[in-house]
Structures are given as structure tokens and as C-alpha cells.
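In the two assemblies presented below, chain A is common to both, partnered first by chain B and then by chain C.
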Partner chain A sequence: MNGVWEWFAWLNQAHGINLPVFYDSYDRQRFFAGLLTTLELSALSVVASVVIGLIGAWLLGTSSIIARRLVHGYVHAFRNTPPLIQLSFLYFAVGNLLPRLEGVGGSSRPLLDGFAWAVITLSLFGGSFNVEIFRSGIEAVPASTIEAAESLGFGRWRLYRHVVLPLALRICLPALSNNLVNLVKTSTLAYAIGVPELLYVSAQVWSDTMNVREMMNLLLVAYVGIVGVLSFGLRRLETALRVPGLGTVGGRI
Partner chain B sequence: MLSRIAASLLFLLLTITTALAGVDDIKAIQAKGVLVVGVKADYRPWGFIDPSGAFVGMEIDMANEIAKRLGVRLEMVPVTTANRIEFLRQGRIDLILATMSDTPARRQAATVIDPPYYAGGTNILARKSMNFHRWQDLRGRRVCGLQGAYYNRPVAENWGAIIVAFPGVPEAYIDLLAGNCDAFVQDSSLIASTLVSDSAKWADFEMPMETFGEQAWVMAVSAANRDGTFATFLSRLSVEWHRTGHLIELEKNWGIPPSPFLKTMHEKS
Partner chain C sequence: MLDTIAERPAPAAVASARPAAAPAVMLANVRKSFGSTRVLNGVTLSVKRGDVTCVIGPSGSGKSTLLRCINALTPVDAGTVVVEGIAVHDPALDKLALRRRVGMVFQQYNLFPHKTALENVMMAPIHVLQEDREEVEARAVALLTKIRLLDKAHCYPGALSGGQQQRVAIARSLAMRPTIMLFDEVTAALDPVMVKEVLSTIRDLAEEGITCILVTHEMGFAREVADQVCFTDHGIVVEEGPPEMIFTQPEDPRTRDFLGHVTF
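Now for the complex of A and B:
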């Protein structure tokens, strides 16, 4: 491994392409910690936002008017406001109203740190879109299919679980993929509340070494990689879930 | 219409030739009629925004003076610690006047104007009840900072502090006042000025450490114009400001505690 790091030191000396995040052990440690933070942040918010979307879309289909109003209110609040403002509001305003934990040497710790708030905000932001995406899928399930299931004696929950959701998921998967890819890219906003993710650590590195161009390119490559893996996985899921006669895969008819 | 095209072509030619010669960049600024300066918008009292929305502060006064002497209009662009050099490199601004400390890496990326107009070291702002005395006390503690500041790394590397850096000073202050950070690592001049400017708010706070790494604050112009007339002009102006005591006067006007650096520079010249 040392040989690889030394090659980057040579690249800097010979060609002036300065990537200290590979040859300087301190920069390397913080850059890869930042990469890990971005991966954790993305994974947690992708999963949580899908769960929020499923629950929200289910609640929209219930007969309780209160539940429907609440979901509508949530979707309007989080879909129609900028995520950067949500993040600042939740972290600086709401976060400071919560009870506190005891810290070392007479200090106190906030109940939730910046990372936790970033996961919460991104999940709620992504989830608000997911509610609408799942709703579009659910509404596209033909009424005749639902009637057929009902006549076979399916109850409300079993109907949702075994007929509506499996079909809806297949219909809305392309839209869901778009939103989840967007969510991963939105995770860079967490730099605003001091979460040491990729953009944050890269900015600190380029401030120390003045290698903006190299770091920008590295950031680009890193995000193309992360998003590439996610969209590859979603595409595989779409293929695996394919039901002959329902919809298309990857635009093929 | 035709004359306007001819005028812009002439201007373009003028810019290109001056860029090639790399000397008379003052003429280029005067030709476009505006001096674009990158300033801080959140660094009271050096560069900040007053309730009416205008840029004010000690550095803004300096920028105004420079534009007046060149006989051009002043345009100010808010910059941050992490983006100011890049703004200069891309030619979005002609001059950095934004609490920038002098470091070897920055000297390579830009033309730093000597002599410096100010100086400050690194210290922390912390609650008195924290009982911080030595830099070693910060090990494992959550310390707020500013994104892009050069001292974040030594404080984390040498003393094991966990730096949580924000894009601007106000966010870090909110976190510090709420108790989410145990300290705020910053330029000692800013801390000293904060402690006196709003004494009621900061009554429980102190600047407890021994200031380390005194760094000069410098103006900077594009690296390409190292031998340009603008750099020479600014350098002469800085000398003049030290000699006449203009900087000490500005410092006093803005309620900044007297800096030993300005006093020494004034006495030397």
C-alpha cells in the first residue's frame, strides 16, 4: 500500500498534481473518515426516507382524515422548503431546545449531534418526496386488480401488503431511484452544520494546501462512484423485480 | 452601437496587452472603473453587514480608501475563509481584504502585499467554568472552528481537539453559546474584540490560552500580477498607513483592543 501512497507524492513532485489526501497520513485519515461519513449519512437517510415514504403513502390510503391531514402537512412542509434551511432550522433552533446530556468537565452535550440531525433532516426531506412517489405507484395499480383481490377475500392490510405494494413498488421504482440519487447528493449540505463529510473535509484540505482543482476533481470522481454504485443496485433491483406484462425495464418495451 | 463595440474591443485589447506585459494593472482597474474587493461579511468589526444591509468595518474603510485613491467605484464581494483565494485566482475579485493570515501556501497561490496591515495569533473563546488553561486541556473536547482556517489542523493534530468547523462565525457563536462546543478556536484579535464589543453576552467567557503562532494579516492580489503596479501601490499605501497611524486610528474607531503589532509597526516607521 505504501507504494501507492508514494506514487502520489511523486505525482506531486514530478507533475504538480497535488493530492495530499493520498500521501499525507493526516490528510488521508481525515479524507477517508469523510468518505465513510458520507457513506453512512447516505445509507441511513436512503433507508429511513423509504420507510417514511411507505408509511406516509399507507396513511394517505387510510380512512382516518386526521392521519391524511398530518401526512399532507408533513409533505408540504418538507417538500416545499429548501433542505439547507431545514437543516439549519432543525440543528440551530430545534436542537438547542432539546434536553441535554452531561459531558466531561462540567460541560453538557447536545442530545443529538450534527450527524444525527443531518440524518433526520435528509430522511424527512427525502421521505416527503417518497410519500408522493409511492402514492403515484399505488394510484397506478388498476382498480380491477384491487377489486379482484377483494372478491377473493383479501382484507385491507393483506391487500396492501400482497397486491398493491408489490405492484406499486415496481411502477414507481424509476422515480424512486431518481429521488434517492438526489438525496445522496443533497448529503453534501451537512457541511453547513459542521458534519465532517466529503465536501467538508475536501474544503479543509484545499484551504490548507491550495489544491482546489485537484480536490474538486477528486470530489467529482468520489460522487460519481457513490451514486454509480447506488444506481447500479437500484437498476438490478428493477430487473430482479420485473413482472412480465407490467411496465418496462430501463425503458425497453 | 458600433462605437460601443469598438470601445469594448479596445478595452479587451487593453486588458490583453496589460495582462501580457504584467505591469500596469492599475490602469486596467481604472479602465473598467471599478475595484472589486473580496471582504468578510461575518467578521465583526473588520468586515460585517450593518442593519441597513451595507458592508461596514475596519477593512471596508480600508477598501473605500483604496478605491478613492485609484479614483474608481468600489464593489465589494462577500468571501469566506475557504473560497477567497479561489475567487482571486478566477479573477472574480481584484483584491482580498478579508482577515487573511499570511501562510507559505497562500504566498504561492497569490501575491501577498508586504507589509501586513494587522496581526493576530490563535486562541480560544470558552466559558470560564470550563477551566481551560493549557492547549493540552482540549484533548477529546468538541471545539468549534471556522471552515478553511489554517489553525484547525495544528489544534487537532497537536492537542487532539475535535474540531467542528462551520462556514461562518455566527453559526459557530450559536453553537458555542448553546454549549454544543466547549470552545471556539479563532484568531486572538477577533476574540479580544468580541469580548469587549458585547460584554453582557460574553460575561461568562474568557480567552484562557497562551496565544500561539502570531500571524500577519495581509492583503493579496492575483499571483500573475506579482510585479504589477497595483501590488507596488498597495505596498506603499500599507507603509504609509503604518507611518501616519491611520491603522491605529481605524482600530480605535471600531472599538478593537489595541494590537501590539500596530504599535510596533508605527514606532518602527
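Now for the complex of A and C:
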């Protein structure tokens, strides 16, 4: 590994391409901590937004009018407003209403830190789209298939678990992939509330080192890599779930 | 040929559980409307245990609705539906108890597209009855053998022909070990060879003592295999009786008119 770091030091000396995040141990430490934060933020939001989407779509299918109204209200609120405003609103307005935790020596800190608020906002933002995506998938499951399962004695929950969801997931996976990729990219907004994620630490590095051009390129490469891994995984899932006679013929990788 | 459904109680044993005279299915004055469309106008019908009953009649006369009332896919507006002693018209009906005994096969097969033929057959016993997987698999393999589709066990429905899908759909229902089977125009989308295959499967079931009710346009089959033929028109049972009577000396002019258009 040291060889790699030294190569970047040489790159700086010989060609003036300055990437201290590789050869300088302090910058390296904060850059990779930022990368890790972005990965955690993305992974938690992706998982939570899918769970929110599933629960919301399930509630939309129940007979409770109150539950359906609540889900509709939530979807409208989070789908139709900019995520940056949601983040600021939750962090500054709602966050300040929560009780603070007492620390040592009379100091106190907020109940939820910026990272937690970023996860919550991103999950709610992505989840509002996922509700609609799952709903469209569920509604595309033919009524006749559902009746066949009912005739076999499947009750509501088993029907959902074994027939409706597996089919709905296959139908809506392309749309879901789009939204999850978008969500990972939206995680850079956490910068605005001071979460030390990848964009935030990169900005710190370039203000210290004045290497904006290099850091911008590095950021782009990093996001292409992160999103690439996610899309690759989702494509693999799509291929693994593909069955004959369902969905599109094309779309091979 | 008929011994492949293992562990099924002998028909005699099933019958002895209740007075032999009690009908397997009994409908009395059943009414059903969809909005302002009256579909069933007081249907009365009784089906003996182990009999094959064919329901015939013009399109839109309410045949499918009649079948769907028997397994509670369509709730009735009025009248009584009693299936093996279960009051199906009762709003407090235990649907699972009913559907364990009544299998239904549809014209469009409606297999689960994300499951292989074998998994389609195994799904309900495993998830609904929560039976032991190995036992269920053995039974499913026996059923696929019986319908001569064991070589297609690991194919998805999308890779099966219509006739093959229809036979898998029948096996899927049989895996629940029903005592009554409902078939709604199951041969309508099949070529003549497939029709024969599916009908011979149904004939086998009848010989095993399963009560079969079919909506069908296969008059030849009805004439040959049915114990009872039932002619419906405009939401009522116009005439019912043994096939030789309905087909040779129908009493009602509407039956005569309908059969006049049928070629055997």
C-alpha cells in the first residue's frame, strides 16, 4: 500500500497533480472517513427507504381510510418538496424542538446529530418515491393470479408475502433501481448540515490545499464507483429474478 | 393409474363421515347482482358427493359467477350456499376451511409465474397448510407424474404450453387434497388433443370420488361423463337432470333452442 501512496507523492512532484488525500496521512484519514460516512449514509437510507416504501404500499392496500390518508399526505409532502429544504427543515426546525442530552460539565448536545437527520431525511425522501413505485408494481399483479391464490386458501398476509410482493418486485425493480441510484447521489446534500461525508471532506481538503480541480475529478470518480457498484448489484438482482414470460425480453447486461 | 394421489382417504371413508344422502354442494335461491346487473336470479342446485356435474348455458348466463359463489370468491347477495356442511353464505365464513376442501381451476390457468411447475404445486400445502416440505414434494412429484409432466417439473409457467399449464393448475389444486373441484371452462383455450388430455384427467378425478363441477362447452364430454347436466340461462337453472334426459328430451324450450345450436 505504501508504494501506492508514494506514487501519488511522485505524481505531485513530477506532474503537479496534487492529491494529498493519498500521500498525506492526515488528509487520507479524513478523506476515507468521509467516504465511509457516505457509504453508511447511502446504505442506511437505501434500506430504510425500501422498508418505508413497502410499509406505505401495504398501508395503501388496507381498508383503513386513515392509514391511506396518512400515507398519501406523507408521499405528497416528501415527493413534492426539494430534499435540501426537507433536510434543513428537519435539522434546524424540528431538531431544535427535541430535548437535548446533558453532557459533562453542564454542556449539552442534540438528541440526534446531523448524520442521523440526514439518514432520516433521505429515507423519508427516497421512501416517498418508493411507496409509489411499489404501489404501481402491486397494482400490476393480475387480479386473476390473486384469485387463484385465494382459491388455494392463501390469506391476506401470505398472499402478499408469497405471491403479490415477489411479482410486484420483479415488475417495479427498474424503477426502484433508478430511485435508489438517485438517493445515493442526493446523499451529498448532507454537506449542507455539516455531515462530514465525501463532498464535505473534499471541500475541506481543497480549501486547505487549493487543489479544487484534482478533488473534483476524484469526487466524480468516487461517485461513479459507488453508484456503479449499486447499479451492478441491482442489475444482478434483476437478472437473478427474471423468469420466462414475465417482464421484458431485452435488458441483458 | 389412480393410485398416485397417496394418502387420500378412500371415497367411502369420506362419505361415511356424513350421512351419504347429504349433498356435497347445495345452492338454494342464490341471488347476485353487480350494480344494476342481476347475474344470479335465484339459483337452486344440488350436487351429490362424487358426482360430475356439467353446467352449460349461453355466454353471460352467470355460469362463472355460480362457480365463484361456491368457493366464496364472489359473496352472494341472498340465498344459501352449503358446501360439505359449511355455510358459505354466512358472513362469518372461515374461508380457509372452505378452500381447503374446494379446489378451483380457471380458464386462464393463473399459475404463479415466478414459481416452477413443481413449486406451483407445492406452494399452497407448504404455506397454507404448513405441511412438511419433503412430504409435500413427494406428493407434488406424484401429481406431476400423474399428469405426465414430471420432465417439466423445473420449468416456469412461461415456458409451458397452454395445455401443460392447465394440467399443472389442476395438479396445484389437487395438492390441497380437495374433496370438490370446480372447473371453469378449463378447455376453452386448448387444442383438441389437449382438451382430451385435460378431460381424461378430470374423468380420473371423478373415478376417485372427487365431486366435480364443470362449466363447459364440451357437450360430448358432458354427455359421456356427467352424472348431472344443468342448463342455465339469465341467472337461473332452467333445467337439470341426467345427460341422456337433457340432451335427448329437454323439456324447456330454451334448453332445446340452445342445444339446437350445438353440434356434437
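Heads up, the rule we're going with is that the second predicted complex is superposed on the first by the 249 of 253 C-alpha atoms of A that agree within 3 Å, B and C clash if a C-alpha of one lies under 4 Å from a C-alpha of the other, contacts with A are read in each partner's own complex, and residues count from 1 in each chain.
Operating definition for what follows: contacts are C-beta pairs under 8 Å (C-beta built on N, C-alpha and C of every residue); 3 or more make two chains touch, one makes a residue touch a chain.
Computed from a predicted structure; not experimentally measured.
When the two complexes are overlaid on chain A, chain B and chain C sit side by side with no clash.
Once both structures are fitted onto chain A, a short way to say it is that chain B and chain C open up an angle of 160° at chain A, using Cα centres and rounding to the nearest 10.
Look at A:Tyr191: by the touch rule set out above, it reaches chain B but stays clear of chain C. Judged by the touch definition given at the top, the superposed model places A:Val163 against chain C, while chain B stays out of reach. By the touch criterion defined above, A:Gly155 lies against chain C but remains apart from chain B after alignment on the C-alpha atoms of chain A.
Looking at the shared chain after the overlay, A:Leu112 reaches neither chain B nor chain C.
The partner of chain A that touches more of its residues, comparing chain B with chain C, is B. After overlaying the two complexes on the shared chain, residue contacts for A:Gly245 are found with chain C alone; chain B is out of touch. When the two structures are aligned on the shared chain, A:Leu39 is found in touch with neither chain B nor chain C.
Shared-chain residue A:Glu147: touches chain C; no touch with chain B. No C-alpha atom of chain B lies closer than 50 Å to one of chain C in the superposed arrangement.
Shared interface residues of chain A, touching chain B in one complex and chain C in the other, do not exist. Partner chain A is touched in their complex by these residues of chain C: 71, 73, 95-96, 99-100, 102-104, 106, 108, 110-114, 123-124, 127-129, 156-159, 169, 172-173, 176.
Interface residues of chain B facing chain A in the complex, by the touch rule stated above, are 81-82, 85-86, 89, 105-106, 108-109, 127, 129-131, 140-142, 144, 147-150, 152-153, 157, 164-167, 171, 174-175, 178-180, 182. Those residues of chain A whose C-beta lies close enough to touch chain C in the complex are 142, 144-145, 147-155, 158, 162-163, 166-167, 170, 241, 243-246.
Within the complex, the chain A residues that touch chain B are 26, 88, 92, 95-96, 100, 103-110, 114, 191-194, 196, 200, 203-204, 206-210, 212.
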